[in-house]
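All chains are identified by letter, namely A, B, C and D, in their written order; residue positions are counted from 1 within each chain.
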């Protein structure tokens, strides 16, 4: 059984801000958004969490072991350093999508994301204990992406291939298995999973081949935190690369350095 | 007739670096990638270009008016400040995808993206003059995204909707019109276009509704640079929001402040 | 009695790197250094520590309550994201300068700061418990700096006045009281103190007036961490500003929000 | 004859902001300040200028060749990405301190740095042409700083030595020669000079030895921009290191790569 703590970080009233008093320069917005995500990723990463850029104005994180005080510190720190503020909701469930849903409702209940008076909401429940296999993560990449795509096609067409594989996988894992999958750059996809059997991952790989003709491989790991689970998954993915297999499970909960 | 200068920024031999000597912490990679993109976006943005994060290890930029010296400065500066280096290819064409293709070939010709000895390639041709309507940009967003998605669904399901709209639009505009479309956060998509008629944008909006049932609106602008064209497009998109129309073209090349 | 944990973060072999194979662009170095310091300040700040830029290639931090694992995470994260690595030494003492001395020796014992083979040293002792008044911090600023200097002189001459006040204060507090004082921007100086009586701070203010004719005021606070002590000191300094007094002590160990 | 364009970047009403509604966390301020300086340094650096952190809320830059549009872009970009805004004044003179003075007066004339209604002032005159020896820069460092200080003393005492050398040099060059000297980290000091003879630099080195017993060496360069002059100075300083001399002048205006 997995237990996943999920955090939603949402920029308050961001859309209106980007066009007030008139549209802001797009590259200023891009720089702002990627710096903000970098800070969030660094913050949770240093506490063994994972954060994903998602839509940039809404970021999803897996935060097992990170308590309410730390979330409050992040919120205050962003308010002190950026022209925007964030609301943060957190919840826990055995299914990642349900944890996200509950985290999200904590914000939605307080008002619209574009409600001017709904700012810096901080609402959540936090795991008080973690156990060694709370989190299951699957780390996918594309078999021989550089040889088959990057070195052959123009980058936009390569990107389109990867995006199609991602879209196919994310919907499959969400609809069938309540997992949350995120593109993390290059040809890498990280899926936050409930308790899933090894066969599920093989089926997912088959699904993507059948659907969009892109071949993935996947390493799966578990751990007390996103980092531990993800690190085990990365090692398992290395095993795929060396052995030429499509799916590898990490033997035991990984111990990170 | 449009004339678009496109630049490809590619991290040298990045995949192997991320797992040498063993896999690096995912959040360190995320932080590194988003900081690097923030720097690239800031650099080109301050020169009236646009940069897109794409796959993060490969970034695509529209760089009309940015010369070879500036590209060399960016490359040197990244080499001095990051643990990775980048290769940069640039080319010019009346069709954005052909410009990208030629830029990309300049790097592919020198070796694989994962060739250890192919580092810091700098190859390109650069526009020596710009004219006021060289670049055409279409800025799309989703009609009432906050009310229909963000405030109703969990963030992952909202994201899935936006991603499907993006996927549908990017493929349509690429296959039919050689345009390059990029998701830029929230519910925004920016398309770098060749010379396209107004009716094309209305058809694209219709295509996405028919394909994935998401309703977009779009402002279109032209200018001597990506910023000028994009800024005109943003203003035109504001017109859509106020008038409730699906497509608005900017009257004249925008003059940015 | 105070108990201060001090951490020294030293870039490995930095001087030679800055001129190899030939001198690097100065602004690339400045950008690298300030980003690195921003990361270190953010990292320790989120754990209620304080970090000071000092010479940028050597940074001093007060890290009560931050354990060895966290220091290891910081070191690994910098190694993954920068073209340089850092060595980190930590020690504890009732006198800040002695804690720094011991932290420093842990690195010096392993070799020179410019020894190519001495990289990523991580050596330290860490407080296993903190108590509410372990850290004493004095936060100084210049009385009416804007009215007397910023709005009257050119910025360099203003800066010179502030630097002279800082130089005078830092040497006085170091030689007489083993305190470590740092300029933190504007007209602000933060001193990490051993257990000092209120009269000591009044004498320090008098010393600076007599020595360089700049009038300071100071708030003093205590707490279990640098943030708690420094936050109490900031509130006490606000009391100086409102009451027109030269020295104010925080009533009780501050409770941070 | 030198011609130096100097820019002052001043955060608007910063002091009050840092304590409103109550004091902000010191490390959030440190992170904000160093990121802002990093952006300013990167911006001017990519245009061959030099920027110095000075007091962080006021930064001084040498900006020969950077026009008014670029300064406006920087100001707008900071306003879009930070919770604070900046005012920017620029002026040109054959003596650096006079250029700064004139730049500064352009802001002071509009109101106090802590006047709430005086925000985003942009005022300046800009060089319309540059010539190859407009800027003279002297780059100093401490002879054998690592061996004599870093590897022997605790970092605070090393820092004190370097700061004393810096204080002594900055006042000497300011009072006698109208030069502006800045500590740039490690044991490095960069001085922006009017047209000074070689003997002046030898005297400055002697002055610091006599005053505070720290031995400096210095490379001097000229160029059309701060980068060109500073790069020539760095190469000349390398000559000092190799030849064991105290002062070296670059033979000819350096041509940067």
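Things to note:
Convention: a residue touches a chain if its C-beta (ideal position, glycine included) is under 8 Å from a C-beta of that chain, and two chains touch if they have at least 3 such contacts.
Fair warning: this is a prediction, and the values are worked out from it, not measured in the lab.
Chain pairs A-B and B-C differ in how many C-beta pairs are in contact, and the one with more is A-B.
The chain with its C-alpha centre at the largest distance from the centre of chain C is B. Centres computed as Cα averages put chain A at a distance of 22 Å from chain B. Chain centres here are Cα averages; for chain B and chain C they lie 42 Å apart. Multi-chain contact residues of chain D (touching two or more other chains) are listed as 25, 28-29, 31, 35, 42, 45-46, 76-77.
Interface of chain C with chain B (complex): residues 24-25, 28-29, 31-32, 35, 76-77, 79-83.
On chain A, the positions that touch chain B within their shared complex are 8, 10, 14-15, 18-19, 22-23, 25-31, 33-35, 37-38, 41-42, 44-46, 49-51, 53-58, 60, 97, 100-101, 104, 108, 112-114, 145-147, 150-152, 154-160, 162-164, 167, 170-171, 174, 180, 184-187, 190, 227, 230-231, 234-235, 237-238, 256.
Taken together, the chain B residues at the contact with chain D in this complex read 39, 42-43, 45-46, 70, 72-74, 76-77, 257.
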